[in-house]
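In this document, chain identifiers A, B, C, D and E correspond to the written order of the chains, with residue numbering beginning at 1 in each.
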Amino acid sequence: MTRRPILLAMLDGKGAIFLGVLAALAVLVPLSNLFLPETSPLHVPTYAVSLLGKYLSYALLALALDLVWGYCGILSLGHGAFFALGGYAMGMYLMRQIGPRGVYGHPVLPDFMVFLNWQELPWYWSGFDIFPLAALMVLAVPGLLALVFGWLAFRSRVTGVYLSIITQAMTFALMLAFFRNDMGLGGNNGLTDFKDILGFSVQAQGTRLALFVATVIALALGYGVARYMVTSTYGKVLIAIRDAESRTRFLGYRVEHYKLVAFTVSAMMAGVAGALYVPQVGIINPSEFSPANSIEAVVWVAVGGRGTLVGAALGAVVVNMAKSWLTGALPELWLFALGALFIVVTLYLPKGIVGTLSERREKRKAMATAKTAGIAAEAAE
Amino acid sequence: MLSVDSIDLHYGAAQALRRVSLDAEAGKVTCVLGRNGVGKTSLMRAIVGRQPISAGRIGLDGADISRLEPYDRARRGIAFVPQGREIFPLLSVRENLETGFAPLKSGDRHVPDEIFTLFPVLKDMLGRRGGDLSGGQQQQLAIARALVTRPKVLVLDEPTEGIQPSIIKDIGRAIDYLRGKGDMAIVLVEQFFEFARDLCDTFAVMERGQIVLSGTRDTMVEDDVRQRLAV
Amino acid sequence: MSRLLCLILALACGLFAAPVCAAPADTGDALLLIASGRFPDIEKGVALLARSGDARTQAIIEALRDGRLAVAADKRVVIEGANGGWSDAATGEALAEAPPSPKAVRLNNRIRRAVEAALGALTLMAPDAAARRQAAEAVFRSRDATALATLDEAIAREEVAGIRRLMGEARAAILLGDAGASDLQKIEAVDILVTRADQDALALLRAAAAQGSPTVREAAEGAITAVERRLAVLSMLQNVWYGLSLGSVLLLAAIGLAITFGVMGIINMAHGEMVMIGAYTTFVIQELARTHAPGLFDWTLPLAIPMAFLVAALVGVAIERGIIRHLYGRPLETLLATWGVSLILQQTVRSLFGPTNREVGAPSYMAGAFDLGGLTITYGRLWIIVFSFAVFSALIVALKATSFGLKIRAVTQNRRMAASMGIRTPWVDTMAFALGSGIAGVAGVALSQIDNVSPNLGQSYIVDSFMVVVFGGVGNLWGTLVSALTLGIANKFLEPFAGAVLGKILLLVFLILFIQKRPRGLFALRGRAVEA
Amino acid sequence: MTSPTLTNTVLYLDGVSVTFDGFRAINKLSLAIAPGEMRAIIGPNGAGKTTMMDIITGKTRPDEGEVFFGGMIDLTMLDEAEIAALGIGRKFQKPTVFESHTVADNIRLALAGARSPFSALFGARNRIAEERIDTILSTVRLTEHRGRLAADLSHGQKQWLEIGMLLAQDPKLLLVDEPVAGMTDAETAETAHLLKEIAREHSVVVVEHDMAFVRDLGCKVTVLHEGSVLAEGSIDAVSANERVIEVYLGR
Amino acid sequence: QDVIKVGILHSLSGTMAISETTLKDVMLMLIEEQNKKGGLLGKKLEAVVVDPASNWPLFAEKARELLTKDKVAATFGCWTSVSRKSVLPVFEELNGILFYPVQYEGEESSRNIFYTGAAPNQQAIPAVDYLMENEGVERWVLEGTDYVYPRTTNKILEAYLKAKGVKDEDISVNYTPFGHSDWQTRVADIKKFGSAGKKTAVVSTINGDANVPFYKELANQGIKATDIPVVAFSVGEEELAGIDTKPLVGHLAAWNYFQSVDTAENNDFIAKWKAFTKNDKRVTNDPMEAHVIGFNMWVKAVEKAGSTDPDAVIDALIGVSVPNLSGGYSTMMPNHHITKPVLIGEIQEDGQFSVVSQTPGLVVGDEWSDYLDGSKDLIADWRAPLSCGNFNVKTGKCGGQGPVAQ
């Protein structure tokens, strides 16, 4: 009985580099932001800290998606929904923190409710002023939705594009529902104009740094969880399911349970990502549910390398950095550049950035072993 | 007719064929024998163009076809019955057969009656989807489908696999009949030794990606071959 | 000035007590009012003109309607002829030279209504049947009591039964609202309107029920229930029709995808952009027609269909040759690449045609609506339904009955084996993708008639298209058909109860649940063949 | 049903029928396998042999009839995973292995043991398992391919890997569909030997067309034809049966 | 630094590009012109264009980028209310200046935002008045896209109509989602609602893409302006350019500017615009005029303050008066809204509007509606000493929108 191999396997080359980079970010970014003079080329301005934080929340979403898509073959086109739900849970907490500082000065009700003549908070808003409860909801709401949705779908053996499309239908339906003002969640405008988080101003430099560090930690933890899952026997079963679902059943594995665990964990990770995203960008609204957003998340994973975890995170960061930079630098041409990036990656890096790199490395290794094996074979003859 | 000249074949870094040469003549059955994983299927893949060769040359009627795409080789008369059958699962049996029309001139686009004489079971199943057939039925369909193209070279990779004894005999008779017509070269990969022995005009035994023994039926020493096929 | 004042006084008489104060209105006075440029005065001028009995009246009012009536700098009212010449409005005499800086008399809705009413009464006996029909409808709408006498005469002379009925209905409408009409006349009118049995009739009957004498009220109330019952049935049918037409739009949008995705297995995120390209092709053709051959405008759509097919198919060929070709066997990656393609195509169109909507007009046969036993059938929708079914049938034939279709299916089921059978797989792939793209382009022609022609056009259909294809069962064209129509009709039945938003949400939830029952769509292929 | 045959059978099929789109693939089939019995099933292509296995393993639901395991467990009520968990293992006619796993991992996944996601997540690996994997790999002669991806194996090697997985599963009842297809004669003999070994402690049902192999097995033979039993008995007896010769063996 | 940077925050891609791209172009034109005149405070202006891509969080990100990285002196941007809501905290936090050029729902006043589009009282209410007086409308369909602007506008209108004695059953309110494209059922319903014997009109707050299919369906089902007129608040010349307007003649729109307004300033502007875009067919519209006004006001205020320091400019802007394009002067009021004339136009065959009514004087933008319970007691006044965006005149207290806590 030994657990070491798993821990070791978890920390393979890629993983170690990844965690190392995250650790460095968590330390260096705040240091640079706080102590380097603004004129220094190494200074990270506060706005860039939040931007980085946003990329890293997206990275966590991509990681979550890769867990189900890369390792279990569930191409979810609705993961943005879990992200958005986590975001809304956090947004509701932040709204409650505004208190009487709203436009209409109502002690409890958010402005949009005052405006729509709501008399009291609807029941589903209660408790969101308490951070631990809100934090729980960040996990519970997406998790529960994933559990119910997954239980229905996996039990009925909905697979492949059929599953993809119903996840898309799910997020689409949620988008329409959240657009409705009657939902009591701010309609099209969503939730915005946040003031405090845990008593600190969301706009304060220190809060922004703390949120950034929290995101780094969440990403590292998310990576740890995902990596643990995929390197354990569980992960091998997931891959088996991806390759030959029915064969796995004939070995006695309850495929639906395996999928359900992965899907739910992944949804909760996405929820956390959304919750970290919201205070850093300052708004959550129904367009986060739009199918295009979820498809984009799939695109990040594909760019980075499906089934590599690190690649998914990297893909999210690369694509979003490119987007941030291009929308400013080439405002009228950036779609060409981004579109071209996607095409080039598919054509020349068929397994995504990380996937192709590690494949190259493995090939080199295989070449080496093949050589030695060849020698051995000759010797045997 | 078909000549394979000293070819190498790699899967990534791993070499599966080494300097393999083989000739197949019209009206003759050329058998390739060998244990699991020695490279028989790889050789067939090289012939039909599914896997590129890294050295050597494959010729058909004197022309070099080594670089041709699989469909161009098919159009020049190489038909293939792959290991694992590869029936088009959602096409009906009739449609599976009709895919063989592709290299034919429009006047020739019909399924020859002799095919149903060889495999009568197919006649009853024309409307059934290929994927629904039993394994043995699919194997028969795969051979029939190859024959629809009226090939010059028929490449069969373990055609008796999963077939009931009586039909194996039928297939043997069919191959014999096709050989008898004299215009078709037949390359046959087979593990079923007796079957191969009864049909072969020439044979080649493979080991570790190489041909280690070859000759004609008359010169074949059965025990040598059996030896090579033993575990 | 004083003359004008006097005129207005006279007019006030004319309007409110026409029978008593029958001051002979003068065309010149009317024109003076029209020349004033103030909307209320123009309106009065039209009314005065209508009553004048002058032979010139119709010409003047028609000119006003068409924007050809102008006031020159010298206050003279003039009419611009079709060929550019000018004539004096009052006399009809042609002017030797163009009047000084003529300014067209402006209209607003009130004046338009007055013009319509005036022309209605004037053209009730026009030689042209269509004009008479229009006139009868105008009178029905204006319910102008002064037209009653003309109407009676027109009814007596009318020979076309349909128009006579319309005129009778107009007459009934007037009488029902006319305080002077007897109860007997009103009840008679109620009976006539019951047979019309549409919303307009209902409105008139309701008004009568609210105001009339007890007997009239009773008759009207009975009539109202009858009409309402009929309308309820009609609204059901109307919903089916709406659903059918929405379904046919979904079908058109999805059908190209049924090939590229359903048959070829390419997750084609650029499908919507192919539709968009078709729509822009239509726009370009219409632009060309507008500038070079306005007479051919009605031919632009028939012309656009093959052109859109060709353009979209060519773009499809380029995409397939350049990108997709490298991705067979890696279906999921097609999603990434085609997403990139879709971004590029959108931006290309935005750069070429600008970000704003472009105008695609409706040829005459696409415009308007007709009445089918009480159902309003718009021509545009009718043609779209017909068209989508035609495209669907053509495609079924292409895939099921031609060797090309067989090859596409063979290639997509097992590319390697298809090649070993001698099928030129690259060629088949290209052609199949071109076919799917071309059909998407053709869909764009139809969609340009009902939706925005903008760079975002494709985006708005992509989600729905995938849903239709998947709901119907991937790879099953008939499934796509049934699925599109089902979703269309279900949507239209939910909308009146739940509203557009909730209706759509319900439909999506239903779809999710339905897939649990049939995990491979409506028309799932079953058996070993699928799992193999 | 508590008929005497029921209680002492491992597998009991009675009056089973199944129809696909109007085609009756299995027709009132009845069959009983005793504990520790080895049974060979032969029959023409399309007789319904594979379909029968599909029914036993829960892949196909019969239209009518009873299927009992261990005397009292109604298999028609269970799904594939539950049936496998009961101890019914299967080798497929067309070898299906997990292509992106290594040969060793394929075996590892098949190894008998807990199957729940939680034990897979939190259970530790153990050395005993590794040893068993080694043993099985050497039995199926894939030791030198241990670290290769299953996708890279040749057809015959995949056959062996499937057999290895079946061994690893260590089920009470083994359903083996055409194990020697694509094997050389020597390997065939080897396989027969292996199966006989296994049959000492397990019940085994083997479907095969290779009559020499069936003879090697030396067990009772059932001949299926058009979805029902045509003949049953020793290999010599059925080989001599006129009907069997007519529909299956040929002259 | 010898340039003054001006941020342009309009979507150039995504769903809103349809409307917003033009505003980016008009800003580029204005800046180019100003530079020709010698720039501002002796420095050249430099436009910083970014594309927030119709993505609301991206608006906030880009706003932050403009303010911190590019250090722009002022920003002209946003169209949808949600995009404004998204950037509002950013402008307040970083003390930037945003000119918002689109008609909107009101109920907001930020120290850092200048609202040059119409508030509901500068558009919706005059339009309804016109229909009541001139068309004798008694029955109302309030048809909108489901988001705040239509919802607020309709709420105000409902209150207003009821105050005018319109009965509940004569008002029908309906919302459809963004991009709604199948209008068959709705248009049929409107037709039905309109055939109850009373003169009916539709007040449309349908936004963006949904308009084209809506008008196409109106035309197809034969609803003419003479039967049921539709008055829209989000349909201008640019939107009409994508529609065949022949069947729509007579339908209305209420704006503070139309391209057809015949004044010297406007003719000059149109000429410059066509020259700048090198396109004879490019139209102008109301939000463009709002940007023209806003830009000119900013230029004047900077000159007045003698610097681009935000605090100075924010203070200097109040009271600045510049010519608008319809022949008068617009003034920036202490509530950060401006004075505007209200014009009602009817759609013409050529896609232009014919002005059929115009308010006699200028109307002051009312940020807190007098017709809503929560807001009728609120006022905004950003002058010292009040300096508050939501001062409650009843309680005498400033609500949450006081001076930004530093």
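Observations on the model:
The definition used in the following text is that a contact is a pair of C-beta atoms (placed from the backbone, for glycine too) under 8 Å apart; a residue touches a chain by one contact, two chains touch by 3 or more.
All figures in this text were calculated on a predicted structure; none of them were measured in a lab.
Where touching is counted per the definition, the chains common to chain A and chain B are C, D.
With centres computed as the average of Cα coordinates, no chain lies farther from chain B than E.
Central chain (C-alpha centroid nearest the global protein C-alpha centroid): A. Distance from the chain C centre to the chain E centre is 30 Å, each centre being the mean of its Cα atoms. The distance from the centre of chain A to the centre of chain C, each centre being the mean of the chain's C-alpha atoms, comes to 45 Å. Work out the mean CA point of chain B and of chain C, and you get 63 Å between them.
Residue numbers of chain C whose C-beta contacts span two or more other chains: 346-347, 459, 501, 504, 527.
Each of the following residues of chain A touches two or more other chains: 176, 179-180, 246, 332, 335.
Those residues of chain B in touch with two or more other chains are numbered 14, 132.
Against chain C, the residues of chain B that register as touching in their complex are 48-50, 69-71, 74-75, 79-80, 82, 86, 88-91, 95, 98-103, 129-132, 145, 149.
By the touch rule above, chain C contacts chain E in their complex via residues 39, 67, 106-110, 112-113, 116, 141, 199-200, 202-204, 206-207, 238-239, 242, 245-246, 249, 346-347, 350, 354-362, 367-369, 376, 378-381, 449-456, 459-460, 491-492, 495-496, 499-501, 504. Interface residues of chain A facing chain E in the complex, by the touch rule stated above, are 45-47, 50-51, 54, 98, 100-105, 112, 114-117, 176, 179-181, 187-190, 192-194, 203, 281-283, 285, 287-288, 324, 327-328, 331-332, 334-335. Residue ranges on chain E touching chain A, taken from their complex, read 12-13, 49-53, 55-58, 60-62, 64-65, 68-69, 81-82, 85-86, 88-90, 93, 107-108, 146-148, 151-152, 177-178, 372-375, 378, 389-390, 392, 397, 399-401.
Taken together, the chain C residues at the contact with chain A in this complex read 267, 269, 323, 326-327, 330, 332-333, 335-337, 339-344, 346-348, 351, 459, 463, 466-467, 470-471, 474, 501-502, 504-505, 508-509, 511-513, 515-517, 519-521, 531.
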